[in-house]
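Here it is, the structure, as structure tokens.
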Amino acid sequence: MSKVVIKVTGKLFAPGNEDLIRELASIILSYAAEGNRLAVVTGGGVTARSYIEMGKKLGLNNAILDLLGIESARLNAIIFTSLLGSYGYLPIPRSIDEFLRAWATDKVVVLGGLQPGQSTNAVAAAIADIIGADLLINATDVDGVYNKDPKTYPDARLLKAVTVDELEKILIKQESKPGKYELLDKVALNIIRRSKIRTVFINAFKVDHLRRVLRGEKNVGSWVTFG
Amino acid sequence: MSKVVIKVTGKLFAPGNEDLIRELASIILSYAAEGNRLAVVTGGGVTARSYIEMGKKLGLNNAILDLLGIESARLNAIIFTSLLGSYGYLPIPRSIDEFLRAWATDKVVVLGGLQPGQSTNAVAAAIADIIGADLLINATDVDGVYNKDPKTYPDARLLKAVTVDELEKILIKQESKPGKYELLDKVALNIIRRSKIRTVFINAFKVDHLRRVLRGEKNVGSWVTFG
Amino acid sequence: MSKVVIKVTGKLFAPGNEDLIRELASIILSYAAEGNRLAVVTGGGVTARSYIEMGKKLGLNNAILDLLGIESARLNAIIFTSLLGSYGYLPIPRSIDEFLRAWATDKVVVLGGLQPGQSTNAVAAAIADIIGADLLINATDVDGVYNKDPKTYPDARLLKAVTVDELEKILIKQESKPGKYELLDKVALNIIRRSKIRTVFINAFKVDHLRRVLRGEKNVGSWVTFG
Amino acid sequence: MSKVVIKVTGKLFAPGNEDLIRELASIILSYAAEGNRLAVVTGGGVTARSYIEMGKKLGLNNAILDLLGIESARLNAIIFTSLLGSYGYLPIPRSIDEFLRAWATDKVVVLGGLQPGQSTNAVAAAIADIIGADLLINATDVDGVYNKDPKTYPDARLLKAVTVDELEKILIKQESKPGKYELLDKVALNIIRRSKIRTVFINAFKVDHLRRVLRGEKNVGSWVTFG
Amino acid sequence: MSKVVIKVTGKLFAPGNEDLIRELASIILSYAAEGNRLAVVTGGGVTARSYIEMGKKLGLNNAILDLLGIESARLNAIIFTSLLGSYGYLPIPRSIDEFLRAWATDKVVVLGGLQPGQSTNAVAAAIADIIGADLLINATDVDGVYNKDPKTYPDARLLKAVTVDELEKILIKQESKPGKYELLDKVALNIIRRSKIRTVFINAFKVDHLRRVLRGEKNVGSWVTFG
Amino acid sequence: MSKVVIKVTGKLFAPGNEDLIRELASIILSYAAEGNRLAVVTGGGVTARSYIEMGKKLGLNNAILDLLGIESARLNAIIFTSLLGSYGYLPIPRSIDEFLRAWATDKVVVLGGLQPGQSTNAVAAAIADIIGADLLINATDVDGVYNKDPKTYPDARLLKAVTVDELEKILIKQESKPGKYELLDKVALNIIRRSKIRTVFINAFKVDHLRRVLRGEKNVGSWVTFG
């Protein structure tokens, strides 16, 4: 029995991606059916962005904009948990206490964000920490961690392995750049580092990546190492 | 001191309508500041429609589609309550118990839906009933109740007054028509009828309508009468 | 594994019916023990009626009268769930979110009503819808659906099968009659229709009916068909 | 501003007592309107007794029988809080945490029981303790504390003042008697003693008693003294 | 399958006792792994005492001092449940409703207190009552029930068996003594008596006692009998 | 009317500091009584440290250690809120939703931590952000922000004003040092920066500092400036 937390980018939950979503859900369903335990954190995606945009025009403060992002992520979480049939937990947990209650039922627990000022990456790390996860999978829209932003630099190189310290440096560089390639935030990194959580970055849009990682394959994505 | 429930069509919460939204919120804020009590129910609008569409493609059942609509309406509710400053209640209530707890704080309580199989119109009527509202305002995207669907028939006539029985007949006719002009559902109508809730239908997009109705004007919108 | 929702008339929960109640509970217990999943919705019965009566004399509004009915139904639900031993869930869920949390534990979940302005029939239908029930059993105090009110007309004929549309016509006729023979309300009917929920009406007081229906027999009660 | 907790016997909530109930509620409403703070604990009365009877016949355990009593008391609490209009809090609190949340709104908080194995008298004392009440009023169906059971002995003498120690002796005598004249239980007594809570026993059925006690009169009911 | 409730003295949760705590947890874990169901109630111990002391100096009322004791007991409960791995439930239940929700997940549920004015012994008894426990184990810092306080009188004799009535007499004697040897309070005793809950008192610091009692041995601790 | 969030170091809540605690509470009480709104976040202090120590010896994971810290901080929060009389809110909020519900009652809301992996400083910043606070006061055990750790270097200089960027550099230096002088973490800093929250660092043990800051004085503590 393995315990796995999967962060799925919100960008997946857009019209046209229904087949991808269904496939990812079915991989997770199979893995749960084999007796493993999973928690899934969905990002806010395009809905989050559009509501945050509207909120900004209305002059709402940053914490409220975050709440809009969190609620959007929960919409994506409802979609995803519903695809897991009797394995999927509802309602979507809204606090760490609610997450723990849900987790105790042995279902797959899917959630969006939890708190303003905290990314869904940080939520995934916090949850991996509290349940003692064997693996944290961060499924974004690129193949893993690059030495530079792959969306800007065509010659960016995928790092098969990356130490936490290198990862931190890459994160710091990103922050200072406008065209942000969001991997992880500082909070998530700190949790991963302090608890040495096994972490891999894969591409959510290449569903085979998830299947392979869950099967135990190592030659896919970027793996974090703790020098 | 008056107690008023306002149902605001979800269609309002679309990019480009920021000024309208802000103005509606400011009218409600002033009315609350004068010592009146208000509850606002927001519809799901375009976000609801788009998520329900995605849900259908994914084969989710109707109750889950309703949940997607409800969560979308809650996003709109967050936007709206945040515009009310210290008068607006957060978090958005998720059940009738939570609504009552919120109502007891004397804030303006804004909510989306509550339960699958129940429209936001029914929520507004149920809430008007439980708090003993003096007035239920249904702010849609047309000027009130018409003898036929105003979006299909250019010669549709606005009814300044309509009995509950007439309203029911209009509702039944609508249901059987494909291009549905959604006024109210049967549940909402039953609650309004049994408790004789003073009800008026106005146009949410003509913000002056709301201002006038709150000032006590009668010559705007369509008023329900209880023969 | 089947998923079944059973609406049990509140009339059952009256002094003198203890043996009946116990027998019904034991049938449900056995069915659960075979690996099936069940939710049970109990009506308010005589306690509801007596409190609503008192509430009316005190001039309480309709929504509060509904709350009294809901709390009474919950008393019956406590009785019923307690008879299911370790299969029965407690506490009684008070919202759709709480129902879902309870359902995730794989227990039999027994509940009364959820919201003012909504019958326990509507609750049963909403729950059948959200869990994707294979069957909704409506156990009343008559043998099923009749072409006219069997309590008024001795020649009323039991309908072995009834289309949703016929059922609706029967419901509409009932509403306009004073001696109301309460089968189902409009909300419940709409949910059943839109999600084509397999539904059967049986007599709660003839416990063998429930046993036979759960065994898969078709020649008992009235079955709803979706022409 | 005074803080007062009133325990109202469940026996009051029976058909035919509507006028009494309304009058008591109106006294409490006026007292609240003058700026005082009140919590009211209602007993379970005849509904509790009838459900507990049914539960016993069904072989339910004592804790479940207590739950039936608690839910019945909550039905009475709904009735009572609804008579207080905008001063009354809903929903009925179900735990000490929920009571505190309700209390923070400055409404009158009405509740039934909280926990199996604990009388509504103990709930009233616990609440008086936590809010630092100035007065705990125990409104039963007799005029106060007697030297023997007034329902059995016509010559029983009403004690205008009673020390906690005397009260304890009277309680112990009662417990050993079958025709129990329920004043208070040991838990409630302990809380009253340790926190020296000012306590008076009056007759709920003589509504003027409540009015007089709230006005500050001392020559009504039995007052507990802390030697 | 047995259902067991274990009250563990808060004194155990002190620096230096880590090995004892771990061993007790591992005994409980094994027992749960064999298919038995357990609830554990932890006392407040030294943290409770120190906070209550501080609270007294600050002039806080008794109910708040109780809350400090309850929260301290919950700290111990977090420690204990965390040692049970995937068998332990989190978050710590804060009301009887939350306990029941936790219990329904089939995990071992560990809790501290629930309510001011109520000892953790009373909580353990109430919980044993509601789940219909086969055994209530009260693990204190002495070997069981003595005819006099073993900490004061070296010649105190351990009672292998004690009737509820004898137990009550011992409790009453204790209360009047300053150097209190806390066995049980009156509320707990009443619940044990009314529901004839099988109860044994053992020494928490002799971990073998717990192991032996769970194995069904009778010649350890003091057993309560119901004459 | 001002809205102020105060983070109070957990170190204050130690035996012997009762007078200091009481004085701080009384300053806050007066400020609230003048019509201002306050939220207070208490740290975990010595209790947190001792439980975390015990937890480490027991091999508990980091997230559980965080939970122990959070619960300890809540003990301090109970103490503090209880000193505020009818201005203090109870129960202590356990999630951002619960905080918002509490905040809506217009009481002073005192809380400990909210989530593993998040410092109480981050909680204070998140709350200041969501309520749109006019001022965030960080009351630690030193007089403000120093150019180096004042506990190690006697020549450390107090900075009357510090830009966010300087603050960040000081924080980064601290992290890499073993004798950590904990000012703020990265999450808190990010929230303060993005929302430009007016922030001042003062000494909790010099109660006059708090009084002066609340009166609007600028020449006490270290103020954060946003270049």
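Letters are used for the chains, namely A, B, C, D, E and F, taken in the order the chains are written, and counting of residues starts over at 1 for each.
Definition applied: contacts are C-beta pairs under 8 Å (C-beta built on N, C-alpha and C of every residue); 3 or more make two chains touch, one makes a residue touch a chain.
Please read all numbers here as calculations on a predicted model, not as lab measurements.
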item: Subunit F and subunit A - chains in contact with each; value: B, E
item: Self-contact between copies subunit D and subunit F, residue sets same or different by half; value: different
item: Geometric centre distance via CA averages, subunit E-subunit B, whole Å; value: 53
item: Centroid distance [mean C-alpha coordinates] between subunit C and subunit B, Å; value: 30
item: Shared interface positions of subunit D, touching two or more other chains; value: 61, 64, 67, 90, 97, 101, 105
item: Touch-based graph of the chains, sorted into line, ring, star, complete or other; value: other
item: All touching chain pairs, where touch follows the definition stated at the start; value: A-B, A-C, A-E, A-F, B-C, B-D, B-F, C-D, C-E, D-E, D-F, E-F
item: Parts of subunit E lying in touch with subunit D, wherever the complex brings them together; value: 61-64, 67, 94-98, 114-118, 122, 125-126, 129-130, 132, 186-187, 190-191, 194-195
item: Residues on subunit A engaged by subunit E in the complex (per definition of touch); value: 97, 100-101, 104-106
item: Sites on subunit F touched by subunit D in the complex; value: 89-91, 101-102, 105, 107
item: Contact set on subunit D toward subunit C in their complex; value: 13, 15, 18, 21-22, 47, 50-51, 53-55, 57-58, 60-61, 64, 67-68, 71-72, 74-75, 78-79, 82-83, 90
